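Two complexes, one shared chain (subunit A), two partners (subunit B, subunit C).
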Partner chain A sequence: MSAAPTAYRPLNPRRILVLARHTFTQLVRMKVFYFLAVFAVVVIGANFLELPTDHLPENAGTEILYTVKNTSLGCMSIFSLVLAIVATGLLLPKDVEDRTLYTILAKPVPRLDYLIGKWLGVVALIFVSLMAMTLLMNLVLIPHTSKVMQLQISAAEFAGASAETKAKIAEDVRALGPTWNLQAAVLVTFMRAMVLAAVALLLSTFSTSTLFTAIVGFLILFIGFFQADAREIYFGKDSGLAGKAASGIMTVILPDLQVYNLIDAIVEGKFLKAFDLLKVIGITAFYCVTYLFASWLVFARKEF
Partner chain B sequence: MKSQSRRILLACLVLIVAGIVRMPVEHAITRDFREQGLLKEALPLDTRRKLGQGLVAVSLGGLRSLVASMLHLRAYGFFENRRWDGVAETYDTIVQLAPNTGFYWDNGHWMMAYNAAAHHDNNYDNFAPARAAAEKRRWILKGTRFLEEGVRLNPDNARLWAELGSLYSNRFKIVDYDKSAAAFARASALPGAMPYMARFQAYAMARSPRLIDQALPLVRELRQRTGGSVPTLICLHFALEVRANPAIDPVRTAVAIFGDEAKAFRILSDYYLDAESGLPVDGVETALEALIVPLRDRAFQLARDPSKTTEVLDLVRDLHQGFGGSSAPLPALRLALEIAADPTMAAPDEMFLSWFDRPEQAIEALRLYQDDKTSGFPMNGIDEVLRKLEQSSSLPQESPAAAPDTGEPPSDR
Partner chain C sequence: MEPAVEIQNLTKVFRPQMGGRPVKAVDQVSITIAPGEVYGLIGPNGSGKSTTMKALLGLVAPSSGTCRIFGADSLAVDSRQDVGFLPENPYFYKHLTGAETLAFYGKLCGLRGQSLKDRTTELLELVGLTEARDRHLGGYSKGMLQRIGLAQALIQEPRLAILDEPTAGVDPIGSRQIRDLILSLKERGITVFLCSHLLEQVQEVCDRVGIIFRGRMIREGRLDDLLAIEDQTEIILRDAPPDLLEEIAALVAARQGAELIRSGRPRTTLERLFLRETVERENP
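Our next item is the complex of A and B:
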């Protein structure tokens, strides 16, 4: 038995990139980027949500930094999750409907490359969108952070604060601004969307309806947020057999999306260590490989 | 078809095996993240109920801080409508969602212990006085408990500790100087503490009957630090030194601490006259009584020299505003000097009137000053101001002939 020609071998990067680029273009034509305008309006609007509060002079202005970060990351999360589920769920049925799928599969394109290409296209779109949103968020945060810094340092100087105190104040304000930690929160948002896109891809391999994929995708998203709690039940000593079985099945099959909820802690100013970020990257890679592989298993011999 | 079913089963198997492999790893990572405070525990049921389905769903997705921001806006709406229960409930929920954001604890306690309490203090709801007072107390306690919980969850937040210290030493709230001193001590020991936090610790200690005797070493230390020349701290230093050594000469001590007599008098006067501060005043009155005599003599002497008008004005101002400053002839002398320094000054009569409780006292002071022909003090604008005051009051205008002229110098009480 002779080996398959190189062109037929799966995981050809060039072929995957062509498919990803095509998917990206296909989604861009669906005017997905219009969301960026909405995002800009929301972030700029958040600029003006400064309410009268109990501010000591040395504490002035921090509220607006929280508001801008919260609204920005909130919009990013919603956008990336919706796009990951809906766009991915839409692609396969649309390719079948447009008969593009037949044209592609009639050529020497391994189905694994097709799936990865599609997934990468969606992921690339989410990435580009998140980058644009992050840029806008940082552009809004930078002047606010320097303004807050100036206010607080002036107040500290007026109060005769020592250089150490001023340095600590500056450090605290900087932690609320556009830090690398905040960019890590965007990365975590992106990774969660990657996992969900992989799940949606798996769903769309055995579903021909976008609606079904979207509904089930959102259900999985919702359940994913309870996964850590379900695992606690599974590992808990007081849990009954039925509880253990239900939580075990749920935990084993569905992704744990609670691990991506680090965003909250980052917004509050907690520092995410590089090693912890690596752990999240590792989990994400594991999920993506698992769900893409399962998608391929279902899709590889599927007849259209 | 059979092959496809087999492949679907295989996919399920892959998912199950992968799930079994990752489950303990994820469990360990989640625990680690929770211990580090990077991940939060599930929201309590009552918080979920308060949030409603929509916000619970959003808060589940790592967007608790976003929900907290939205609720902060909602709390502000309650505040505008003076719906204090709504404010309290919303802040309780907010801090469940973002327990490490000091800003929410700070703002929530301010809403309850200050705004809601002031609302009932002013009795805008027209309750019976006893009920309004009870409501005010209830809100102060609620705000205090809220902030106490905030510092419990954020023990490294100097600002929250300082807020708690301020709340305990606020005389319009429920005062506990011991707790206030302890809170300011915690605040001042943390990185990022402002210099005032340590000073406020000293003030709280000085107000506490239990801690006052331990305050002097701290005050002496603070006097050497940045902000050590703050007037209240210097005065407290003086009072505590006299308290610790009652036999020492207050005037000499005052001059040694403040630098000179005029400064000592000015700063100690302000300190002494702030009767509600609750700070110790050991030796202050004695020092002021002793300091005022030479200062007044010097002021009167300089006031008689028209070339020293500007020089004497500051001293007369200090004497007038300070301890014993309302006694004649200081107010009228100050008026004459103020007019001499600025002949075009607006409404000197109104300014003069503002220094007295009643217009009759002002008129009487001016008449006495005007009638003392032997004093040699400046008379700039005195006639005009007296005329204006007499015109605007119901008192009969005295004729110059009727004015008593005892030939004695003005009273120096």
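Our next item is the complex of A and C:
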């Protein structure tokens, strides 16, 4: 008589996927994607910066590579963090206000699935946008890298450098181009946005307005960047057990975003070690699970 | 048979977070609805109708008392497989079309593929929105939204439909359509629990009604029984000539204790009953 029995237990992947896909389309049709267009223009604009052609110093043209990478990753950071905080902060209050939440929770949908679905929807949107931006960044970076390469090699030839030196120069320039390392930096950017989206979700389970969620979200983001320094100052290296505990609690409640700073090092051309990447993945997973769980604790008791 | 709805001594107190005094929205309300019945809860605004329904759906937790749907506790997720809910003044996702809306809710209930498609088409047909299936809900009228809401509530073929003010804000034609829909649900054997402050509607569709006022259940019973005036008897005649009526009046007058109050069409309305039980009770 009634529909085929579904699994009523929480964490049903199909149901979560339905909610995530729905959230994704909802956000796309809310035109949040227009941020993307602005970004694309900025990056393409960087493309029109001219390469210096006369008076070739030692590392001619490499600044342009730094500029492209800096503007691209900077834009990605801003875009992903704003989207994570604002879009997530919009979703719950909107569902409550429009009473769509009633109709969803009146279906056999566990509240945990609803939360994870919303979060995944935002995360998917961030992922897709970052993918598009990465593509654009690489498209700009590839011709620039080969141009710089040409310039430097011909300068070296002019100075009568050996084949070895030329190989070394080529390698150095390549390291500044569209490397796997650089793609990993995007991944780290993405993971940081995942954490912030989870923070915003937690905030929106007890906040009464999107504005509050956004303001507190950005505050937490700001604190996150400086938290490790603050901990150092307050608790010092050799504080007692209480100091260590307080410092530990602080890292859980407020995410320590300094671990994500390796993005900057990568832009500088430093090599990202597999261990560091794994560490970031682990920390991201820890924060996401913690904040989603905390959101559920609040949301499960909530009345509408 | 297991009741479709069993609310026992439900009390709900809302405690404001920032001080203020607690609000007792529902006070010791018990309602039992048999399968197949159409039950109407009536009461003025703020009397606790929506809160009772939300408790039955597990959207608010009872302060005390229990709510069950076909024997399953309302706080458990599996109780919701058998119930469809149309909230008060619903707004659905404006970015979806009618068909997409039904598909979304269907998928949440575990429907998929061809059976979901068939069900969507069937329900759009039932609520008369086949033409509007590919239009965005942003462009729907209030009556259309209410009907897509009803279709959404029925997507997984629940045995119970809970409708909060299904005709509020809908024009007379729209509300007639909704009334007819409720009657067709009844024909299909679906239990309906609706609430309203539009009494005529309730009178037309409900088998049983409860009157709730300030969170308390004041009267409850079969509509026919509630509307009957206990110490009066109605004789309905067709084509009675005036002299027959005079004869009857004379007969009654001759009899001790009996009295002819009025001839014509003696009738109370649900509205009169409602006012007597609520506003007139307030200032005795």
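Going forward, the second predicted complex is superposed on the first by the 269 of 304 C-alpha atoms of A that agree within 3 Å, B and C clash if a C-alpha of one lies under 4 Å from a C-alpha of the other, contacts with A are read in each partner's own complex, and residues count from 1 in each chain.
As a convention for this text, a residue touches a chain if its C-beta (ideal position, glycine included) is under 8 Å from a C-beta of that chain, and two chains touch if they have at least 3 such contacts.
Note that the coordinates shown come from a computational prediction; the quantities given were computed from them, not determined experimentally.
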Look at where subunit B and subunit C land on subunit A after superposing the complexes, then choose clash or fit.
-> fit
Classify the contacts of A:Thr290 with the two partner chains as first (subunit B alone), second (subunit C alone), both, or neither.
-> first
More subunit A residues in contact [subunit B versus subunit C] = B
Would you sort A:His22 into first (subunit B), second (subunit C), both or neither based on which partner it touches?
-> second
Vertex subunit A, arms to subunit B and subunit C (CA centres, degrees, nearest 10) = 160
Once the shared chain is lined up, is A:Lys107 touching subunit B (first), subunit C (second), both, or neither of them?
-> second
Should A:Met30 be classified as contacting the first partner (subunit B), the second (subunit C), both, or neither?
-> second
Rounded to the nearest angstrom, what is the minimum C-alpha distance from subunit B to subunit C in the superposition?
-> 7
If you lay the two complexes on top of each other, which residues of subunit A touch subunit B in one and subunit C in the other?
-> 301, 303
Hey, which residues of subunit C end up touching subunit A in the complex?
-> 14, 54, 57-61, 76-78, 80-93, 95, 104-105, 107-111, 149, 152-153, 156-159, 162
Inside the complex, what are the residues of subunit A that reach subunit B?
-> 49, 51, 53-54, 56, 58-59, 62-63, 66-67, 69-71, 73-74, 77, 81, 156, 159-162, 164-165, 168-169, 172, 188-189, 192, 202, 206, 221-222, 225-229, 231, 234-235, 251-253, 256-265, 267-270, 272, 276, 279, 283, 286, 290-291, 293-295, 297-298, 300-303
In their shared complex, subunit C is touched by residues of subunit A numbered 1-6, 8, 14-15, 18-19, 22, 25-26, 29-30, 98-100, 102-110, 301, 303-304
In the complex, the residues of subunit B that touch subunit A are 3-4, 7-8, 10-12, 14-16, 18-20, 22-23, 25-27, 29-30, 32-33, 36-40, 42, 57-58, 60-66, 68-69, 72-73, 76, 98, 100-101, 103, 106-107, 109-111, 114, 159, 162-163, 191-196, 226-227
